[in-house]
Amino acid sequence: MIGRDLLGIEDLDRADIERILETAERMQEIGEREVKKVPTLRGRTIVNLFFEPSTRTKASFEIAGKRLSADVVNFTASSSSLSKHESILDTAKTLDAMDPDAVIVRHRVAGVPKRIADVLEAPVINAGDGAHEHPTQALLDMLTVYQEKGRIDGLTVAIIGDIAHSRVARSNVYGFSKLGAEVRVAGPPPMIPRDVATLGVKSYHSLREALDGADVVMALRIQLERSTGAHFPSVREYSSTFGLDRSKLRYAKDDAIVMHPGPVNRGVELSPELADRRPSVILDQVRNGVALRMAVLYLISGRPGPTAKEDA
Amino acid sequence: MIGRDLLGIEDLDRADIERILETAERMQEIGEREVKKVPTLRGRTIVNLFFEPSTRTKASFEIAGKRLSADVVNFTASSSSLSKHESILDTAKTLDAMDPDAVIVRHRVAGVPKRIADVLEAPVINAGDGAHEHPTQALLDMLTVYQEKGRIDGLTVAIIGDIAHSRVARSNVYGFSKLGAEVRVAGPPPMIPRDVATLGVKSYHSLREALDGADVVMALRIQLERSTGAHFPSVREYSSTFGLDRSKLRYAKDDAIVMHPGPVNRGVELSPELADRRPSVILDQVRNGVALRMAVLYLISGRPGPTAKEDA
Amino acid sequence: MIGRDLLGIEDLDRADIERILETAERMQEIGEREVKKVPTLRGRTIVNLFFEPSTRTKASFEIAGKRLSADVVNFTASSSSLSKHESILDTAKTLDAMDPDAVIVRHRVAGVPKRIADVLEAPVINAGDGAHEHPTQALLDMLTVYQEKGRIDGLTVAIIGDIAHSRVARSNVYGFSKLGAEVRVAGPPPMIPRDVATLGVKSYHSLREALDGADVVMALRIQLERSTGAHFPSVREYSSTFGLDRSKLRYAKDDAIVMHPGPVNRGVELSPELADRRPSVILDQVRNGVALRMAVLYLISGRPGPTAKEDA
């Protein structure tokens, strides 16, 4: 994967995903050492180009890069010359001329990382673009499930919430399906995309049916500001119908785990009790995110990238 | 102190403080080398979690961490997902899951670092919380006085200003008292806390009496926006009564030194002349801050912390 | 140059400039290695003190410092205690007390880097101050021209745009003149400073005359918000008279190159076609900026600086 972009799980095949997960497991071992740092990416420059605010994803990439000894340079829209109306592509090309080994892009508009990747020599890693994809989130989710369950093939994964507007849902649908899981989605009708069946996914408007026999229940974050719109239910209504608590979780398998990409709206998507302890594995997801991103950075930037991208 | 939190001077005993000051003196020697860097904290991750703006404290911790070869990751409220209403504790727990070796917290509300420390595995260093404590500031003040005077035991330290709303005053009252100094405070009546006597401190409403025989005069920063309130004197009134200049400094001992935690409002707490040269030691305080914070980071994160915290 | 400030090209002599360019060429070689990093500035601290937003200059200095293994600490006005009305000089002196090896300053007011340099022990590098100077930009422009043309002596350089308000123009006028080039400027009358002849520069109000026989055409960025003023032409008027496209470029020499400090307003200073490909060398300018800034940091901070500054 040296020098290749990582724009979405849709573009990966099963072997790619498995290779990333296996590499991430080796990276986890580094995190358990006395000195949590290896010289693998020494002399490599990683650029965090975030046009949207982010705590966990940006920190996760920054820590991942530093544990591999890369130099990490952060950009946020507010501190950049974007306030001078410089176009996004010009900013990206300018950064590219400084010869980074990877550029990590987050933007609220779907497709921006792809447009940036098209003009850059450096490989681009999508850290979330609109409602399109968030591939490293899905990969860390798959890593978490694999380590909890020992397999993904044959599992049933239920994703609950605003599927239509969720890049996390979309990336996970692709990823878990490619690894042989049955993926179901559930939520209020305006939150289920019409074309969801074309992705090989079963959709439900009943939480109980969606959870029946599920090994994994993934709750998505509700955008509270959006839920006041005419077509969306109120927060109270959402919470009572699709919010998870211990009682509703009984619909799923006895050993089902609960996931959430964070940050959780406590009492909306998950009851506070469920947010904070098993069977929820939310902090494991965060922890695995660092190792997963180390794996991605290593596989993409581990040896000279620019020429490899031309070959790709 | 490996793996322990540093939330306030109140929690330390004299031996703790002396150990930190001695370690800081050894760290000063590193700052004088041709290569001002040692590999002590290589592979350690330090997180700067600042919810309030800060130049000197944040920079001081960042430089201290880097001189020990730690990786330093900065967070400020504006660039984090806190704009998505994520709760402070959730942010902290998320960062904790990325396995940092220390989390440095500043917040305008007293007690927040403690609340964060209660849920974190990583040790927490309080970099200033409301009017509660600012322990590393007090420690660098003690280091500065010790190096100027050769001792702290038996000295007289006068702290001038808005004692009631100052975390710097509170931490210094605890610290200098524990090391055997006599601590006095002075300021306009609304700026003197009612319970100050319970801290073993003498309070004065006259600058002259407070300074009589003082070895150290510490002026606090006045919050100009606060001083316009009904119970507070005007800036002009404050300055003429409690602002220090060479003439008023004659009330103190001939060899008294002048300190200020910065930034100075010139012409308010200190005359411009006094702010810029001896006997004021303001820039020495800043300089000592780097070595002091290197000592704190080394003592707290020098070896694997998380398990030590459980023992604490 | 160890320990000296770099405030403007006006202060440099031809030998200084040539030494910086030669050093930059050696730094370019580092950028082509498998591991783009050398230990030259290990243990040195570089402070980026930017009071104006900046993408390319700040990133360029940060990457340059990290490739030399320096620790780079970033400050921006918004995240610093400047929101507490701390004066700029106090901030700078505070940072100085933390013993940095270089402080890089950008400010919208001309002369601020000089005022800061006057009070600091650490050497100051001007990264752009008002309409005064932007020395590293001019140096990277000279490096780019030298590598394109094999010489600078005897070339004709035409600078087009708002000369009166451009620190890039001013620094380049000094630099190219000192290296023996003929420098011409052209733009609408309100954009040409009255004293331009005193700098040894010929001014033109006709693009055609200015470009006649030019080896290098440098277009400056137009501040769109300024161009609506009474004395300035409209954007449309500017573009039709002084905007460059392939057709107007025929006035210059056949092998003329086109430069721009970025970011380009496409269709204003340059046609989109000209902005994106030869003979424009805009991304080469950016690329050379990293090597040039490595050279400047190395020459200024390569060995202990503070004492050298006192000698200077």
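Points to keep in mind about this one:
Which chain is which? They are A, B and C, in the order written, and residues in each are numbered from 1.
By our rule, a residue touches a chain if its C-beta (ideal position, glycine included) is under 8 Å from a C-beta of that chain, and two chains touch if they have at least 3 such contacts.
Everything numeric in this text was worked out from a predicted model, so none of it was measured.
At the interface between subunit A and subunit C, two copies of one sequence, fewer than half of the residue numbers in use are shared by both copies. A rotation of 120 degrees, rounded to a multiple of 5, brings the CA atoms of subunit A into register with those of subunit B. Distance between chain centres (mean CA atoms), subunit A to subunit C: 40 Å. Residue positions 78 of subunit B each touch two or more of the other chains. If you check the complex, the residues on subunit A that touch subunit B are 31, 33-37, 53-56, 58-60, 62-63, 66-67, 76, 78, 224, 262-264, 266, 283-284, 286-287, 289-290.
Residues 42-45, 47, 71, 73, 75, 78-87, 90-91, 93-99, 304 of subunit C are the ones that touch subunit B when the two sit in their complex.
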